[in-house]
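Below: one structure in structure tokens.
A, B and C label the chains in the order they appear, each numbered from 1.
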Amino acid sequence: MSEATLERGMNAFREQMNAPVASFFSSCVNCGMCAEACLFYTETDDPKYTPIHKLEPLRRVWEQEYTLWGRLKSMLGLSKPVTNELLEEWETLIYDGCTLCGRCSMVCPVGNDISYMIRRAREGFVAAGYAPEGIKGASRRAVTIGSPMGVKFPALAAQIKHVEADSGLTIPVDVEGADYMALLSSMEIMNFPEYLEALARIFKQAGVTWTISSEAFEATNSGIQIGSSDIARELVNRVVVAAEKLKVKYVISPECGHAYTAIRWEGPNLIGRPYDFKVVHILELLDELRSTGRLKTEGTEDDRLTFHDPCQIVRKGGVLEPPRNLLKLVATNFVDMNDSREMNWCCGGGGGVSANERAEELRIKAFKRKKTQLDELNVETLVTACANCRLIIEEGLEEYRMEMPVVGLTEMIAEHLVEDEK
Amino acid sequence: MSTSIDFLLWVRGPGFDIALFIFVVGVLIRLLEVLILGRKADYSEPRGAELGAGLLTLVTRTAPEGGSFKRSPFTVVGGYIWHIGFLISLFLFVPHIELIDSVLGIRWPGIASNLVDAIAAVTIVTLVAMLFSRLTHPVKRFLSGPEDYLTWVVTFLPMLTGYLAYHRMIDPYPLVLGLHILSVELLMVLFPFTKLMHAFTFIIARWYNGAMAGRRGVQS
Amino acid sequence: MADDLKKLSMTLGESLRQQGVSRRGFLKYCAATASMMALPPTMVPAIAQALEKAKRPSVIWLSFQECTGCTESLTRSHSPSVENLIFDHISLDYHHTLQVASGDAAEAAREAAMHENEGKYIVVVDGSIPLANPGYSAIAGISNLQMLEETVAGAAAVVAVGSCAAFGGLPHANPNPTGAVSVGEIVKDKPVVNVSGCPPIPTVITGVLAHFLTFGSLPELDALGRPMVFFGQSIHDRCYRRPFYDKGLFAETFDDEGARKGWCLFRLGCKGPMTYNACATAKWNQGTSWPVESGHGCLGCSEPDFWDAGGFYNALSIPDSDLTRKTGYVVGAGVALGAAAGALNRSTRAKAAAQHETVTIDDLDKKS
């Protein structure tokens, strides 16, 4: 059919321009402080990973087509154009060297939200055909099969059967009128089925009515990672249609970072209207159950443990206190990292980096940041709330020969549930 | 015999008019071409209010985040010193207040000239140090292009010529005063076309940053 | 005539004694001269010795395009003063305002003085020289330019007294209808000292002459040819109202609270910061007062082109701008252009949105 072209890319860049982006580019003074907030710079000392530098192609479009002075300059042939070569060179910076973690956006002295612009710049890269093979593949699988890892419902059904057999619980599927519709990430389905069991046990105890949709169980959204709103819209829409069909009041975003961004923050804007339902993150829901006394736990974890804040859930999702409230419920020896909450460092694998095989070496290097943070604390266990972070951290720990269990928070809570009193 | 008075008369007459015109019109164009772009309505359900968070970030972003301070102390401290020194020299030196009063009709109390003099000296030294840092720090050096050095020059010159004029280090006085005014005019003329615009647009940028994060329940 | 000739051959010391000036009075005068020229007290005996032996020099005073204010300034000095002492003891051989002779006799006196003191006499000039048309100013049928050139030819040095002679002054003010120039622009081969001011301070004029008498040379000069001892510091730096400037306390009008309290006159147009002269220390009228002390800002009269410095009542560094009165139009222009630029940006984006082709998984690759 059609193909990716530079013209389509340029067109996409132009579409992405708005007042925030223009104000950000107008304000940058090249002070270089964003570099110090970016793990790809701090762990490589290569200035090309300076966050604002990754936006050079979009910056040129802004300057040359959205400022009067820049228009004049390019009319006189004084500007460097955006070319295929430029996009090819920058592809590795904007996809391999950025996880959209948004840490740079927290430190910029003039207030530039750099990750917001990277997300927008990717729209142009993908339309021009400069996206990494790994994320392209994930997107194709997500659209055609329904999941970036190629998980179809029968595979989930099989996992459900396993969990039901193991635990004696029921996992409701396609139940119309349930309060909550749970989404899962394929990472959880394949690598961490404990999450599914944890949900079933917690909801049973709390008396929450819930369901899984056989038509839209996948929470992840490769469209967000590759940076194509068109693809993202198609994927979000599946969830919206399913949720509205089942008439649920809430959709639960699972322990997956970008899935939360996709369904919670970008989704309504992709489909161009507010939802008929609300989106909650599983940690928000658990915290609410805790505060209303519907989540009862017993026993404690006495290991020295810490929490890795998944960027998209905490810094860019606003779920700051729930994980800590929940940890205090079950952990006696919880310590925060030196940079924590909205200033925590990324695992290095978000924003599509984990799906991009080419970026692996760089990602492992960038993981040294997390390693340093963990070394400073001398903890025995790491808790997190994102299946992707979890996998990336496990890989990183293995790479650097660190022995440390990495646990999902929901799972940890489920382990301490007071056993059925009924 | 001497044309220094002619020069002074030109820079504070037609020269000032030209510079002021370019500055005012240029800045307005730059601000409007940003603001008129606007942004789409956000349909996601907000976790927090945009307005308060945006305004708060506008203020709080002035203080560096702890970790970045530790990682780039020179940029932060140097940046503070010269920005504050520059603003004091610009807005609290008595003759400058007189000038602003004559152009805008508003005035405020100044501070002792010899205090401004000391602050200006510190500012000049700091600006030189900032240039040195830009030339040597791997990231800053990598990011910097002609515009970064040009804006340094046009920021530095008014400080330098102001200092020279105050201390009468160049004769005759109308010449050095004229050079000082001319250097400011250069700054005003280049302002709308360069990153100097951040002096205005940082307000918009910080507000959007704070508002968009605040909507998600994070104080950025 | 014989008396005059005898007087001419007398030293300054002899002449003073003949007039009944005591040794004590003479030393006092020397001390005053030293302090005026900012010389250390240890120099006083040297000055006395030098002056004692100095011959009364011949002085030829030429007046061109001037107002006689400089002469007035000099002759308004009170007796006994340093000025008077000096004036009594130079031989002012030609000065058409002061001399008794007129017509041919006057010109003959000038020529005689030039002839008799070839290479030793001093020429003092007040007034500027018109170059546009020699007929604009002539004396006894001789144009100013011609008279200056021929008088200066045999002079030891030239003293340009007053801002007209030093820098062109009022005649030179925009649009300079007579093509007036300063002495320095014509005399290039003789030392020229500029004693600027409109008028200059009398003690400064006599100080320069005293220096010449004492040391036989001209004093150290600044970039504008003015003696450093008198013109080395700005009015502003020596002004007793300076602390008010530093504190930002200004008189806004000539009769407000600030004016009564003696606050700084900067806002009323005082040119003290650009003006180099000795008014703040030497003062006028036997040290009675000076302009700033009497409540009026400095006009900057000892500086080149002070007439054209943008109005006596406009502060120096404040823009003399029409634009500030048209701010509304400027802002209007900015807003209009900005709105147009904004509209252009929106249309660029709208056009891009209209051309948007949906990205699907089938076109993630580049074919070429």
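In this section, a residue touches a chain if its C-beta (ideal position, glycine included) is under 8 Å from a C-beta of that chain, and two chains touch if they have at least 3 such contacts.
The structure displayed is predicted, hence computed values, not measured ones.
Asker: Where are there more C-beta contacts: B-C or A-C?
Answerer: B-C
Asker: Of all the chains, which has the CA centre nearest the overall CA centre?
Answerer: Going by the distance between chain centres and the overall C-alpha centre, it is B.
Asker: Just curious, how far off is chain B from chain A if you go by their C-alpha centres, in Å?
Answerer: Taking the average C-alpha coordinate of chain A and of chain B, the gap between them is 38 Å.
Asker: So the centre of each chain is just the mean of its C-alpha atoms; given that, what is the distance between chain B and chain C in Å?
Answerer: 39
Asker: With centres defined as the mean C-alpha position, give me the chain A-chain C separation in Å.
Answerer: About 77 Å, centre to centre.
Asker: Which chain C residues reach two or more other chains?
Answerer: 337, 341, 344-345, 349
Asker: Residue numbers in chain B touching 2 or more other chains?
Answerer: 29-30, 33, 35-37
Asker: Chain A: which residues touch two or more other chains?
Answerer: Counting only residues that touch two or more other chains, chain A contributes 17-18, 22, 66-68.
Asker: Under the definition above, what is the set of chain C residues touching chain A in their complex?
Answerer: 337, 341, 344-345, 348-349, 351-353, 355-368
Asker: Under the touch definition given earlier, write down the residues of chain B that touch chain A in their complex.
Answerer: Counting only chain B, the residues touching chain A are 29-30, 33-40, 42-45, 47-48, 57-58, 61-62, 64-65, 67-68, 71-72, 75-76, 79, 137-144, 148, 192-193, 195, 197-198, 201-202, 204-210, 212-213, 216-220.
Asker: What part of chain A is in contact with chain B in the complex they form?
Answerer: 17-20, 22-24, 26-33, 35-37, 41-42, 45, 47-48, 50, 52-53, 66-69, 105-113, 116, 264-269, 272-275, 278-279, 314-320, 339, 342-343
Asker: How about chain C: which of its residues touch chain B in the complex?
Answerer: Chain C reaches chain B through residues 167-168, 181-182, 184-185, 222-224, 234, 237, 245-248, 250, 266-267, 273-274, 276, 303-306, 308-310, 315-324, 327, 330-331, 333-335, 337-339, 341-346, 349.
Asker: In the complex formed with chain C, which residues of chain A make contact?
Answerer: 1-5, 8, 11-12, 14-15, 17-18, 22, 65-68, 126-131, 136, 139-140, 143-144, 226, 228, 230-231
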